[in-house]
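Pasting a structure here, questions to come.
Chain lettering (A, B, C and D) follows the sequence in which the chains are written, and residue indices restart at 1 in each chain.
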Amino acid sequence: MKRTIPMIITFIVGMLVIISEFVPHKPFGPIAGTLENWFLIIAGFTIILGVLSLIRMNSIKIKSRAENWQYFLAGLISFGVMVLVGVFWGMQESSGILGHGEKISAWLGTPPTKPFDYLFNNLFIHLSATMFSLLAFYIASAAYRAFIIRSFESNLLMITAVIIMLGRTSLGTIMTGWLPPSLQFLHLPRIADYIMMYPNSAAQRAIMISAALGVIGSSLRIILGIERSYLGGGK
Amino acid sequence: MRHILLIASLMCLLTDVIHAQTTSFEVKDYPWDDGKKLILEWKIGAGLDSLRIQKADPEGNFITIYDTTESFGSIVDDDVQPEQEAEYLMIAYNQSTSDSVVVSRGMTPLVQWYNLQKTPLLITMLLLSGMILYYIFASKRGKEFFIRRINALDSMEEAIGRATEKGKPILFVPGIGDLDEIQTIASLTILSHLAYRAAQYDADIIVPVRFSMVLTAAREVVKEAYIRAGRADAYRSDRVFYLTDDQFGYVAGIDGIMVREQPAANFFLGSFYAESLILAETGFSTGAIQTSGTANAHQLPFFIVACDWTLIGEELFAASAYLSRDAQQLGSLKGHDFGKILCIALILVGAVLEYSGIHWLSNMFNLG
Amino acid sequence: MAEIMTIIGIWIGVFLTFSIFSFLYRDNPFYRFAEQVFVGLSAAYGFIYIIYNVLVPNLFTPVLSDFNQNWLLIIPGVLGVLMLVRIYPPAEWISRYPLAVVIGTSAGISLLFYLKSDFMNQIAATMINPFETPNVSAISGGLLIIIGTICGVYFFYFSKRQEGVFAIPSRIGIWFLMVSFGASFGYTVMARISLLIGRIEFLLTDWLHIIK
Amino acid sequence: MSSVNTSVRWERMILYVILFLGVMLPLIFHIGWKTDVSPHVQMVHDLVENTPAGSTVLISFDYEPSTMPELKPMALSLVDHAWQRGHKVIAVALWPMGVQMANDVFQELTALPVTDIAADQSSGETKTSVASDSTKVALSGVENAPDSTIARHTDKKYGIDYVNLGFKPGGMVTIKAMGRSIHETFPADAFGTPVGSLPIMDDIVRLRDLGYVMSLSAGDPGLKQWIMVAHDNFKVLVSGGTTAVSAPGFLPYINNRDQLRGVMGGLKGAAEYEKLRGVFGPASIKMDSQSIAHVIILIFIAIGNIKAYRRRKAQRRKSEKA
């Protein structure tokens, strides 16, 4: 009951999707589309679980005065404020339970900005973009640390990376742009393009094909109920 | 004026009658399809040299969809709605004399029970699935399959051991994909194995997740692993928790966990994007043993550069079979290998055929 | 007032930008604060977003405005609610029903899509005749594609000990993979630097007004 | 592997500071290095160039603020080019924040504040738009500002020349639904106006009716899903731009199946597109910073190797002595 029925459901649903690919006739044809829409709605409800988990985690830490509990309080407050202004005045063009909040929006910016969008534009965007931009530093330090001449394979990785780095900016053009037409194939941007287009494509394709087999096999096992760890235990 | 018009139209009618005897226009249903195609066939009679086919749009205005001077032929209209009548006008005319014949036809495309065009897909699917199933059942019957060493996986146990020795937690990140991503499910299967080991060793395992549905599944997996290890009492649901749906918010949170909880072993397995290097570099700076794996090819270089062990592409899917040595999963893996041999053979045969100017095989596989 | 709020907004942005950057040096109170604010805000954003952009237009509006046409949507609605019974541990197992629907759908769709796009289409794209053009680089490239793809796929062949002759294609496959990884790495450097450019642009333009 | 020690940390800090300065300075003092155009960007350009005027095209904004530096210049170029060629542009988003990204681009190109896009709608419905007329007048006056390098299209009307249909979650699923009916998938635009009342949507029923689909994609769902569904299932021409990081992954799709009609990768791709159009735009300016940063990283790789070589030599000497 706890595990067998879900397995049967998975089987039926999975088979229906596959059958609908080949059987366009009603009732099969539209089934996949319907199920796809259902996925969105179920996933939409589930976010409540995540939110509850987040609130619970933070509350526990604050209540027990765990190390760094003040920061979790800040997190909880940020969450609460953003949810409240979103519920009250909505976001962008969606209205909240108190309407659009024209007054407060006009107060927050020109053009008028809803509180939710104000938080989004001035806090969220910067946090997100800065977090992402840390990668510029990390990629530099990773290259510095790891691109050391060692084995043949690691040298291949390093040399290709250097060629592409040169070839993909104005540098490559400057360094090899003077080459006579007969040696044009040594032009760095050209070498970079060649690597990207052929050996790189081949390897990417190999990874895609074999990973696709992995996905096909896993999907098949899931549909047939062989792979069921995600359902947990119990009968 | 009126007389001239009358005579002109009478003449038109007369020529119509003459030409119509030989001019024909038929609309047929495209056989074995999903009701999205119709076949239009025409023949232009004597004295006429051009043809225009018009089709009614939803408002009923006729719009030209085809122009030709060929005297007979057929086209496929693949722009029709299943079980909704499509109306056509064929206008056959003579460019110099402006004689014309107009024929109107309507047809409702039928939706059949089988889409013949998808046969290559069906055959490939049945062949692959059949082989995978064959090997699964062979394996179940006791046939043993060899599986070559995958170093990254051998090191996992060691990593857990190290974490236990140091009394530090293990961090498991199941990627940033939702449950509709098979990589995420493959990752959870590995988590099942790792959580089982962690439970046995009494090591603390932390699983922050990005999506609520993954949270649900991950909790099931970890809980079940603890029960299986006979340590149901040690399971703590608050160690499997949701951070946020946002990609970089999630990463910021995990970074915080890595620098504060100082896990001794990090596992980044699943679908990863730009965050791969942020996670791997931060993990490196805390000195943890890092095992990573993803099928997203463009993130692999960062894992390879910054982690101790990396599962490349399909190795991620092979991992659960490798770790559990479960007969059915090993059989399935053997089935994938059959797919690889099939793929290599097809590419070779296909390339040779292409070289010889024969294109049917590549066309058959081209579904795009 | 609006101008002041805009300026305050920029200063908050600058503060948070530097707080996150400070993590490069080491973990510190500023980063901890920014991190938790980030997690909180983004979770709230996702939550509010889903309500306004998924649940309202895809479920509530259609069901409430035209029940007869959309009554079927009650089913995913109920399944969604069943997902929530996890809050009450003894009934946790009920959530496996909606989970089963979700995973069954994903598995079916993934199987078909990967079979088509990443398996069959990629194989078809590799069935090429390298000698179609007289261009040396295209011929060598075409051959590399065929050899690289075959050896790369062979590298992932698990059920055979890759020794002796059998190790050769696998080895070549690794070379191709390594070249590809190097290429991705080199290529990515660009993208990452552009992100930093974007951040510095914000600091120089919106905050310091040094550049336009 | 032990925790990174102090000297290594200082080394890293120096690298970080130099990198920061190396990126910042060229933004203030332009250098003006030139770029080569790669065939893949040429393909994207040709697709837009050769699509007949009057076609309706779709641009999917599948990115968020974090990848704006790379993808926004592409979006600006694409919309600008499409409008110049007389295409009508439908914007959709597979990422929640893509809606704002699209508004942002339209706003910049039409010189209208975002909230006025809604007010500008020809549908004439009463809307609770929060825009005031004064801002509209003030901002529409900045057309052809002397410092701008991309044309201003103040004549473009919302609902006729362009529309922002907003975000739908679901990725592949959503695209599949659009293949059947865009009207059913997006019953209303991003501002809540029924799609049926927008003139631009009159001739457009489903993906097949579009001239081409472009995805500006920062990950999944994005360009890959558009290829898999819009091209593979519905045979629409698909092209687009991605972050530099994902671009190599898309090259296999540029094949004789025409799964993908060219791709712009990162800032370089955007700069190349600007070059093809003869524009010195935002991407071209940033390319200099980019090149300097690459030099810095290459120098550091060299230093790293010299250090490693010395260390190895020292170790060898030590073991010889021992």
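Note that a contact is a pair of C-beta atoms (placed from the backbone, for glycine too) under 8 Å apart; a residue touches a chain by one contact, two chains touch by 3 or more.
Model, not experiment: these values are computed from the prediction.
Of all chains, D has its CA centroid at the greatest distance from the CA centroid of chain B. For the criterion of most C-beta pairs in contact, the winning chain pair is A-C. Measuring from the averaged C-alpha position of chain A to that of chain B gives a distance of 17 Å. A separation of 24 Å divides the Cα centre of chain B from that of chain D. Touching two or more other chains at once are residues 20, 23-24, 32, 34-36, 38-39, 41-43, 45-46, 49-50, 53-54, 83, 86, 96, 99, 102-103, 105-107, 109-112, 114-117, 119, 121-126, 128, 146, 149-150, 153, 156, 177, 180-185, 187-190, 192-193, 195-196, 198 of chain C. Touching of two or more other chains is recorded for residues 18, 21, 36-37, 39-40, 42-44, 46-51, 54, 68, 94, 106, 110, 112, 124-125, 127-129, 131-139, 141, 143, 157-158, 161-162, 165, 168-169, 196-197, 200-201, 203-205, 207-211, 213, 215-216, 218-220, 222, 230-232, 234 of chain A. The multi-chain contact residues of chain D, meaning those touching 2 or more other chains, are 12, 16, 19, 23, 66-68, 169, 173, 232, 243-245, 248-249, 252, 257, 259, 268, 290, 293-294, 297.
Judged by the touch criterion defined above, the protein chains are all mutually in contact, each touching every other. If you check the complex, the residues on chain D that touch chain C are 9, 12-13, 16, 19-20, 23-24, 27-28, 66-70, 96, 147, 166-169, 172-173, 187-188, 227-228, 232, 243-245, 247-249, 252, 255-257, 259, 265-268, 286, 289-290, 293-294, 297. The residues of chain C lying in touch with chain D in their complex are 24-26, 45-46, 49-50, 53-54, 57, 109, 113, 116-117, 121-122, 124-125, 128, 180, 183-184, 187-198, 200-201, 204, 210-212. Residues of chain B touching chain D in their complex: 58, 79, 177, 247-248, 271, 273-274, 284-287, 289, 296-298, 308, 366-368.
The touching residues of chain B, counted against chain C in their complex, run 120-121, 124-125, 128, 145-148, 150, 179-182, 185, 213, 216-217, 219-220, 242-246, 248-250, 252-253, 255-256, 259-260, 297-298, 300-302, 304-305, 312-315, 318, 333-334, 336-337, 339-341, 343-344, 346-348, 350-351, 353-355, 361-363, 365-368.
By the touch criterion given at the top, residues 18, 21-26, 29, 39, 42-43, 46-51, 53-54, 56-57, 60, 67-68, 127-128, 131-132, 134-135, 138-139, 141-143, 146, 157, 161, 203-204, 207-211, 213-222, 224, 226-227, 229-234 of chain A touch chain B in their complex.
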